[in-house]
Amino acid sequence: MKLHDFLIEEDIKSALKEDIGFGDITTDALVADDAVLSGNLNSRSEGILCGCSVFEKVFKILCNDIKIKFYFKDGDFIACGDKIADISGNARCILTGERTALNYIQRLSGIATETKKYQDAIGDYPTKIVDTRKTTPNFRIFEKYAVKTGGGALHRFNLSDCAMIKDNHIRLAGSIGNAVDKLKENLSHAHKIEVECDTLQQVKEALNCDVDIIMLDNMTISDMKSACDLINGRAIVEASGNVTLQTIKEIASTGVDIISSSAIVSKAPTLDLALDI
Amino acid sequence: MKLHDFLIEEDIKSALKEDIGFGDITTDALVADDAVLSGNLNSRSEGILCGCSVFEKVFKILCNDIKIKFYFKDGDFIACGDKIADISGNARCILTGERTALNYIQRLSGIATETKKYQDAIGDYPTKIVDTRKTTPNFRIFEKYAVKTGGGALHRFNLSDCAMIKDNHIRLAGSIGNAVDKLKENLSHAHKIEVECDTLQQVKEALNCDVDIIMLDNMTISDMKSACDLINGRAIVEASGNVTLQTIKEIASTGVDIISSSAIVSKAPTLDLALDI
Amino acid sequence: MKLHDFLIEEDIKSALKEDIGFGDITTDALVADDAVLSGNLNSRSEGILCGCSVFEKVFKILCNDIKIKFYFKDGDFIACGDKIADISGNARCILTGERTALNYIQRLSGIATETKKYQDAIGDYPTKIVDTRKTTPNFRIFEKYAVKTGGGALHRFNLSDCAMIKDNHIRLAGSIGNAVDKLKENLSHAHKIEVECDTLQQVKEALNCDVDIIMLDNMTISDMKSACDLINGRAIVEASGNVTLQTIKEIASTGVDIISSSAIVSKAPTLDLALDI
Amino acid sequence: MKLHDFLIEEDIKSALKEDIGFGDITTDALVADDAVLSGNLNSRSEGILCGCSVFEKVFKILCNDIKIKFYFKDGDFIACGDKIADISGNARCILTGERTALNYIQRLSGIATETKKYQDAIGDYPTKIVDTRKTTPNFRIFEKYAVKTGGGALHRFNLSDCAMIKDNHIRLAGSIGNAVDKLKENLSHAHKIEVECDTLQQVKEALNCDVDIIMLDNMTISDMKSACDLINGRAIVEASGNVTLQTIKEIASTGVDIISSSAIVSKAPTLDLALDI
Amino acid sequence: MKLHDFLIEEDIKSALKEDIGFGDITTDALVADDAVLSGNLNSRSEGILCGCSVFEKVFKILCNDIKIKFYFKDGDFIACGDKIADISGNARCILTGERTALNYIQRLSGIATETKKYQDAIGDYPTKIVDTRKTTPNFRIFEKYAVKTGGGALHRFNLSDCAMIKDNHIRLAGSIGNAVDKLKENLSHAHKIEVECDTLQQVKEALNCDVDIIMLDNMTISDMKSACDLINGRAIVEASGNVTLQTIKEIASTGVDIISSSAIVSKAPTLDLALDI
Amino acid sequence: MKLHDFLIEEDIKSALKEDIGFGDITTDALVADDAVLSGNLNSRSEGILCGCSVFEKVFKILCNDIKIKFYFKDGDFIACGDKIADISGNARCILTGERTALNYIQRLSGIATETKKYQDAIGDYPTKIVDTRKTTPNFRIFEKYAVKTGGGALHRFNLSDCAMIKDNHIRLAGSIGNAVDKLKENLSHAHKIEVECDTLQQVKEALNCDVDIIMLDNMTISDMKSACDLINGRAIVEASGNVTLQTIKEIASTGVDIISSSAIVSKAPTLDLALDI
């Protein structure tokens, strides 16, 4: 996944406006317009680095000739104390942009780090951890990027790139069969159909309808195993619910292909990085 | 703090676009345009509710005549299992808007809940927990609102509403005295000056300069006590660094007025709320 | 597919600004602010109506209490001379909004009409005509909606909702096999893979890789037949190239599932509708 | 007419966002970030080239150091098979931007080509083909530019740069005379007045009012001749209605100065150009 | 000229954001959310009222059910002490919106008042005062509206609705004749040509070229008279330069049709209006 | 105060769009795309220069390689006839951008000049002239910058960076004491409290509440003196009302710290600067 510069530029400018307001009244008063500074971005904890290009872009927007040299790249493991980057250039820009730049890279690295923990907890199983649509409003593209950087896979981006039949859809349509039939009449051939199943009975119905993905929602480990046996490769199997660092390996052991969890995004703490001048 | 409808409308529309893309291909295919639904917003954990007006606005944007009746209001404690609201109206709009509405209210309630825990941990001391500028890019106004709703107080909104002299400013200006002098020449009479101090020596210097707020940065409990004794009401005292639910009461006991922590925003897990149809 | 009001409102306001500039200098000078008018939207040719809600929204933006009553709805066939709608209300708003409203509905109805012709030309074959990404910049959601309204199906919305391996991707990856392998490592489980094939040999390679959709690009009728025999239901088959109203039935007869053509959008003439006051 | 870079940049970025969504999932997975490509923009039909700077800008937004060398310029005739441009640079950017760049240049060249056909069909008469306000919403500046590039002239840009009294205005004002009088009281001295006339009688009335432009709306050839004789240079004469490649020369022969037609924009097919890598 | 609600809404929201920032910290703290207020908009000086709909819109954006009753309308003369409007409704919205609403109406009324003074100073001559393009960036539509409301006429809106040949254009083209010839080849038939003349010799040249408007730039009264005699109705005559309340009548006496001056906009003091609660 | 390039770029682009519309129809027709020009920015009056970077940015947006060399900088005094800058580069860009660039620099210099006059009129008193929130909608950051450049100080930026208790707030709260108490419960420790006082009695009340700033609103000179004596350094004292170039020195002589006046912004005439090619 690539964060195109022009796609994120507007977001970053908006974040800078949010933090600068009418101006950095401290720095503008105390620092000469032509003063220069140099410093380092250092790690104060360990984790997966994510957001280098965003970090750099923040400063470039303020001052195009700032120099940043990274010693790590997105996806790299960083230890506590590692020097991540050198930064040098106009002092006002560095001081004014510092907080916004850190806010991006700390949050993205936090999500990448959390994702990596979940993926690692799965061990040797081929199962992948994936994210959900439970993201911070207007921040999804960054969060998706961080999940991918942390070694996770991605679920659908939004409501228009994969059909997902949930309990309410089933209720309104009358049955899984009705829902899938109606959906297939309308859906683009370019999109997949996923059905959320609460019971093995529903799994059987979904299988009969020849859907692409079957989500096992909040099932027991033993039901998940039975479901995987039933499905036997005829659909991609996704597990959801009760996913923690403690439970994820056992869930993976049931044979599911995909484990989705909002926790890797919405409950990930930020990673502690600091700009030392 | 009031979240003006017109101020947040644009953010919410943008979040809906982010989640809807070219359309909710599942719901549009399965649910008739005139179908209606009713359901409840329920709590699946306990905490402080925050974001009712935002939650409602999401659905109003999709369908102006949706009906939502809240049984709690922002700032109320909600227990696990509490019914927070009834919702009824156009089925497509409820299903299409559900995720975005929940993303807002879960995140805001999570921050309010975390803030409340920190404030409660302070006990009877008059000290207030306050937030920082370590916020999610382009989401600060919501996060500030949630901190306030959770019983916290607010630090400056951004770089233009309060001057804060940090270590790098001091280094560039030569001394705290120089920095404050230079700042006072430039600063609006409407704005305060805060100085970040690492040592008791710096606290003395700042006091001599007659600043409004002195931040004790990463000091030991005993140094914080000495600093408060020194300052003795001549400036507002803010403590920062190593603030956890475990340490906050002892920090408050030193006599500081304000304890600032990014954790109440950037490390707060979302609160588990669900829309049951 | 649903055109959410809030999604199109911004586009329509922008189109009105484009056409109004600093004001409708003729109408503002000649028509009293409280004058009222009534008129009809009439058809001056035959085709498929599309864009009623957009037409109405244009006037609602200018004057919220304008009354419009439609006698047909999106997707309906309209004959030359049919009265499509009554409109009445503030005269200035009707005169100022007329051109923009017609620009939308004429263009959308033109595309729906052209799509219908292609779908009808397929006759009884189960094959569907679908659109492509060859759309007018910043107008795609309207064009997609018109294709759907005209009875066509939709291809992917953009570059992020379905992977399509084209000739250049194959060349850069070395082979179809390499490309699919590499893609599967990276792709979300929620997304399909389509491969563009120029030859039967490529079709075989794609089949071996177990892809979701195989596009037969500019193949002869006889090669398309052979390809469909080869594929035999193991992938969705899409035909592309040389699609005209004359050729489409024979292409459908080869057994392909989908025929894609940019012509239904980019070469569709507008439908002649007029507002008679 | 000049398409200022800063004026179109925002439109192009928006078009790229429309087509890229969350990312080009195929290219990002298959092509290395530092891979390079070179290719040509070739013509697969004949016509008038239009949109070179827009085509180039699309790629520049994605990757500032892409190299494009054009062998033709806007307004040039291109034959089928002509190499229009060389392109080389970052492979991802070329593949990701290809469709959007082509969508612009194909559509603009299509309009320029259609315009040229109409102007050529007029032969040696001094009459000019001009466009109308029947344009694609939010795409008018590009379409105007293409008409100009194709050798056509332009009508007013929007409702604020020339007053045009249409049938409904006449009806509401009571007469052409009333309308013109009222308009002259209000209008800027910098703007012209055009009157749409259906009959020779109306032409006489308009002449008496000393208006700048008289439009002959859907008149017969013989009435147009009589109108031109009547007007005899005292106003610019514009013909409108029933303008086709077959009828335009005869319309021009009546002596009108200007023939306006929406067909050159709204019914122009796109020109077939392709990027061959 | 009509200020369409949807055209100005975005500007007003942006102005409110500019003034509200993160919130009205005083009012939000001191005034209950359901408190109500009533008050009057009163005049503290005399002049021409302008901007009633803008004033009202500011409050409507904050609180849709605010009640405002105007006793005067745009263009009316108001004396010092006149009650212009009653306002009642939500107290927070009235207090928070007050400054922005006044900023609009005071500035627009100031411009209308200044324009009226200039037009009145012309006395019985048929000459009209008109504005120029010397306006406040991003505020032109409001300033144009105020000039019109004050009884002035308008010059071109911007660079695209009337051609004006200035000294530098003449120099680059070689002569007025060359410039007009070249312009006529390119210009839309819907647009006029104005030539800026510094000398009577240039006036003669412009007349020979049959242009629509001749501007006499910084000429003496006697030269203006001679120019008007020369032109004798064959072009609209505009005077520019040295226009003050003292000189304008004598300028009008020379027979010019139009006197343009930036002073009515850029040097107009705001009109003193106040909201008394 | 620093006008960050990225903060003003959007405003300037918008102003250019406002003035260019669909294009500079005169210049585009008359001037070759590769023609070059050079000229000077000259002063035709005397005052304080302000807006150099904005002036330059206007042209840079149109044509990145334009060359501008300034002989003065923001804040410098310029005499009538002074050459302020050389400009050279693409002729079209210079002619098309001229008006917008001048509109910015003339207005900002006008405000800076007016501010300087007021500050100078204060003479040797340490009092500072400050601006108010009576600014042009959506132009405040530029106006604040000009006040600062002219040697004035700034009041609060907007409603969120300093609390100001006005008469209506006092009335709604019951008393100054109540208002301050309620405010202190809610206010951030980072923000100051100002109270607007009409009488000496109110000054006493405000002093008792230990507020940061006391505004003396429309008081007589003798009351202002008494108020300053009363306050005696325990709060910053701001005078407001009846501030003119004639009265300001006497107001300063009363001992107030700050004199606020909207006149320096809202009644400042533009400064006469011209671009001579």
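The first chain written gets the first letter, and so on, giving A, B, C, D, E and F; residue counts start at 1 in each chain.
Just so we're on the same page, a residue touches a chain if its C-beta (ideal position, glycine included) is under 8 Å from a C-beta of that chain, and two chains touch if they have at least 3 such contacts.
Being a predicted model, the structure only gives us computed values, none of them experimental.
Shared contacts of chain B and chain F, meaning chains that touch the two of them, come down to A, E. Copies chain C and chain E of the same chain sequence form an interface built mainly from non-equivalent positions, shared numbers / all numbers used being under half.
Remark: among chain pairs B-C and C-D, C-D carries the greater number of C-beta contacts. As a whole-number value, the distance joining the C-alpha centres of chain A and chain C reads 32 Å.
Computed centre separation for the pair chain A/chain D is 44 angstrom, with centres defined by C-alpha atoms.
Separating the centre of chain E from that of chain F, both taken as means of CA atoms, is a distance of 22 Å. Each of the following residues of chain B touches two or more other chains: 20-25, 28, 96, 157-158, 160-161, 188, 191.
Under the stated contact rule, the graph of chain-to-chain touches falls outside the line, ring, star and complete shapes.
Looking at which chains touch one another, you get A-B, A-C, A-D, A-F, B-C, B-E, B-F, C-D, C-E, D-E, D-F, E-F.
Considering their complex, residues 13, 16-17, 20-25, 28, 33, 61-62, 92 of chain A touch chain F. Here chain B touches chain A in the complex through residues 11-12, 14-15, 18-31, 35, 37, 91, 95-96, 99-100, 102-104, 106-107, 133-140, 157-161, 163-169, 171-173, 179, 182-183, 185-188, 191, 262, 266-267, 269-270, 277, going by the rule given at the top. Within the complex formed with chain C, the residues of chain A that make contact are 128, 130, 153-157, 160-162, 188-192, 194, 213, 236, 238, 257-258. Partner chain B is touched in their complex by these residues of chain C: 1-2, 4, 6-7, 141, 144, 157-158, 161.
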